[in-house]
Amino acid sequence: MSDMTWVPVANASDLAPRHVFQGRLLGQELAIWRADDGNVNVWENRCLHRGVRLSIGVNTGSELVCQYHGWRYANRNAGCTYIPAHPADAPPHTICNRTWPALEQDGLIWTHFAPVDPPRPESLGAGALALRPQPVAAAPELARAVLAGLSPEGFGPLGQDLVASGPAGRLRLMVQAADAGRAVLRGLVLSDEAPLPLLRRLSLVLRLARDEIERRAATLPVPAPIPHRSERVAPELAEMPEMVSGPARIRVRVAKKQIVGEDIVALELAGLRGTLPASQPGAHIDVALPNGLLRQYSLVNAPGETDRYVIGIKREAQSTGGSAAIHDSLAEGDLLAISEPRNNFTLRRDAEETVLIAGGIGVTPLLSMAAALRDEGLPFTLHYFAASAETLAFGERLALLGERMVPYLGLDAAQTTLALQGILKGPGADRQVYVCGPAPMLDAARATAAEAGWPEAAVHFEYFANTREIDTSSSFRIELARSALSLEVPAGRSILSVLQEAGVAPPSSCSQGACGTCMVRLLEGEPDHQDVYLTGAEKAAGEKILTCVSRAKSDRLILDL
Amino acid sequence: MPTLYDFDLSADCYKVRLLAAILGIPYDRHNVDFFPGMKHLSPAFLAVNPLGTLPVWDEGDLRLCSAHAILVYLAERHAPGGPWLPRDPALAGEVQHWLGFAEGLATSAGAARLAAGMEFDLDLAAAQARAHQLFERMDEHLWFREREGGNWLCRTLQPTLAEIACFPDVMLSEEGGIAREDYPALRRWSDRVKRIPGFEVMPGIFPAKIGA
Amino acid sequence: MSPQTQPDPFMRDQWYPVSALQDIAAGTPRVTKLFGQRVSYRREADGACSASTEDRALPVLQRYGCLWTSLGTPGELFEIPEYTEADRRNVAAGTVAVQVSAQRGIENFLDMGHFPYVHTGILGALPHTEVKEYNVEETPDGREIIATECLFYQPMASTVSTSGADVEYIYRVPHPTCSVLYKSSPLDEKRLDVIALFGQPTGEESFRGHMVLSILDDVNTDDFISYFQLHIFGQDKPILENQMPKRLPLDPRAETPIRADKTSIMYRRWLTRHGATYGVIPAQG
């Protein structure tokens, strides 16, 4: 039995809704499951964390959840989307389960272990029925030899290719090599006979064949099982990983562009090949636009919506070319380069209640959060501030939230503050707040929350952009502790650009102190924080600095680089 | 209030707890330390049930000492004419067939679990082999039931006592070293049983929803 | 895995529990397995216990409610000072056989993150899933691992309250297949209950877990305490028996640890440093 062809490993009917099928091919245990969108996943049957079989876990329709610690893996890309033991951290992208290709044809699920897809198996024809699979405790080669000698009534002798045609119709049997000493007899039949009696008759044929195979196997030595082989995890994951991700470039195609609100378009970005990396609620991607600009957009995706990234873009009146380029120039079918999703706005799921507050197009990451919370049955409310009913974005997604979406339309600054005071009245234990919107609204929310006594750690902000004026007048030295370099940062240039010139720069993205990508550890010196990313407490602690906009109040900074 | 003489890890006792949970029947739980204490053989318990078996259902002057007898009693007492014990002659016969089948599961898969986990002096290999035979018959039966559009062991639209009687020893089989990988239709049926409204778990069995 | 696999010296030269003392009646010998070998043990008329393989007598020790023996030359058994405190109740709560390596069993015993998922409503409850930062270190003599300031949310945290709260745990690993857990007593917040799991490796991929408690509880019966421990252990069992591979992999890249797993990371390194090969998959090179 070659592992370089497509092999049937399940019947399509085995993949019941919200069920996880347990399979095996060449000693490799498989967890096979169908998501609610119809996609079939063929994965290694093992949680990457502690090796527990995923087949005892739960298929939520969009994710597979491990029974042991609740790790969640996304439909299609198998990336880990949430690690409940660390609710505030985004799991690294490299935590990704092992997957194999899936093909659904003739009522069977097929997979293969070859490096590239082999030719599709020949179809038996429309209307083919999959037989009841029959497990056998014997070597697959022996099973094959016995089947080749069969001549089922109405079909005639099978022969070496295990295919027979006769008055009853056409029959093809197959042997799934589960392990060195285990096989599953599978088959397809195309016939005009009534299905149920035919399937019963052929089920009996396979059962009797099984008895004969096992009778012969009893005289032979029992083959040793194929040893369990798992891929080693990435080296950086082996030692209590820091939660970081690299700036990988991904090519995508604009699969759909549609208007989802006044002056708001949604783009659906599909991967050119393979699956897109997993994303989590709150994540954003960098989009390299055709006009050379790099812009960050939050993903709107709901759990399991993994075949594409969905972003929403509002045409900004003072557009510097980003939103205008998308609205006016970008068309369906265009290609774009994007980054892997990054997450600075992680959704904790250990709160008793979650309060989501959106201003305008800032609703995008909160839509993703709301969908995740809804799927898990966790309590939340989305408070959505917008200029008018027409500017509410993504109406279809909002409709799914029902009464848990509360709109606030056409409020001025004072009315907005009043509404925020109502929403943020009295912090509760185990409540978490997520706010995304324009800077004035975020500032108002920050002040309101502070007045109401919310702990800083319970209120999370995502700025679209840092609208503050960056003061670049200072000049100072930076010393790089690990690289043993000393560099001068003159007025008018950022730490980041000096680091880039020296070839020791951290990854970076927004260049305006909003995304947190270029953050490094500060070992000594007094920072001049000009970003909107770090919390007040983090700024006061002085242990981290965003190198793209922040500078020094002291003569020098020592960075952990 | 009726009293259930109960052992937490017993598949037979779980049958009674499961049906009582689904039907919303209140009862007092009297824990009998079957393992490791062997208190089912204590004089105190032998006075309750001279057979020394669990579970025992004690309600007024009624004392029932077998799981399936208790299931039949509870279904007729609390849901007479309901789906759990159909009155239709053919279906009533089918339910009885599966109650008998479940006895076979208890003396095979159930015995393997006692031998492997609690080290009872039983023939583990023989019990495992018999359990595999029964599981295969069940899997085949359920596979064809699905082809007929059915979800349950009997030809009913709703689950019956057959489900309650067979489910525990099937779900706990891995503790007896009996994997269910070869029985996909049996695994799907188990998933459906877990979704019956009012379903409750016992140690060794996970709910259909994470952390429920 | 062949049952004839020999234990490495580190594993061999330890004391192992083979039975709760209360389960050994005078007279009839009982048989169990240690490292795949048949071991028989008995209690003599004078109360002394003995143990032997087919060809030799083995050393024995009666401690912490168990009979301990060894196939090698063991040193001192670790101390649990609380066990001798006069006002404590010592309860042997049961022995359960599990088809997975003893070290997998210990690692599960050290883990808090699974409480809301596996011990739902008892030791944890959704959505309270966070494993907060805690400390873990080896004792200066390298003989034992200690994790302190371990906090985890527990519903109905004490017998006097119906609401949940963080409960503090201390974990000790003084032996490759034994762990001792300290947890604030529901009756006296200033003192700690002791819950120990003593693992008896019957084979490379199977062990018997002996559960022993030393607690301040003067309310619950022994039967109830045993019921509770078996309930918890019964919930862990299907997880343990569905772990692949069944032996504990010591290669740091075999599985994916997170910060919450600091104790098990240290435990795996500690096993590697002591040259453990039995019941584990040693790291390559």
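By letter and in written order, the chains are A, B and C; residue numbering begins at 1 in each of them.
In this text, contacts are C-beta pairs under 8 Å (C-beta built on N, C-alpha and C of every residue); 3 or more make two chains touch, one makes a residue touch a chain.
Not measured: the values here are computed from a predicted model.
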For this session: Report the topology of the inter-chain touch graph, choosing from line, ring, star, complete and other.
Result: complete
Seminar exercise, completed: The chain pair with the larger count of contacting C-beta pairs, comparing A-C against A-B, is A-C
Exercise. Can you name the chain whose C-alpha mean lies closest to the mean of all the C-alpha atoms?
Worked result: A
For this session: Could you put a whole-Å number on the gap between the CA centroids of chain B and chain C?
Result: 31
Exercise. How far is the middle of chain A from the middle of chain C, if each middle is the mean of its Cα atoms, in Å?
Worked result: 37
Problem set entry | Distance from the mean Cα position of chain B to that of chain A, given in whole angstrom | 40
Exercise. In chain C, which residues are in touch with two or more of the other chains?
Worked result: 116-117, 126, 238, 242
For this session: Hunt down the residues of chain A that sit against at least two other chains at once, touch-wise.
Result: 56, 67, 70
Seminar exercise, completed: Where chain B touches two or more other chains at once, the residues are 206, 210-211
Exercise. Okay, in this complex, where on chain A does chain B touch?
Worked result: 10-11, 13-14, 16, 18-19, 21-24, 56-58, 60, 65, 67, 70, 132-133, 135, 195-196, 199-200, 203, 207
Exercise. Where on chain B is chain A touching in the complex?
Worked result: 140, 143-144, 146-148, 180-182, 184, 187-188, 191, 206, 208-211
For this session: Quick one: which bits of chain B touch chain C in the complex? Just the residue numbers, please.
Result: 8-9, 31, 33, 35-37, 39, 116-119, 174-175, 177, 202-206, 210-212
Exercise. What does chain C use to touch chain A in their complex?
Worked result: 107, 113-114, 116-118, 126-131, 238-239, 242-245, 249, 251-262, 265
Problem set entry | In the complex, chain C residues that touch chain B | 20, 23, 94-99, 116-117, 120, 125-126, 223-224, 226-227, 230-235, 237-238, 241-242
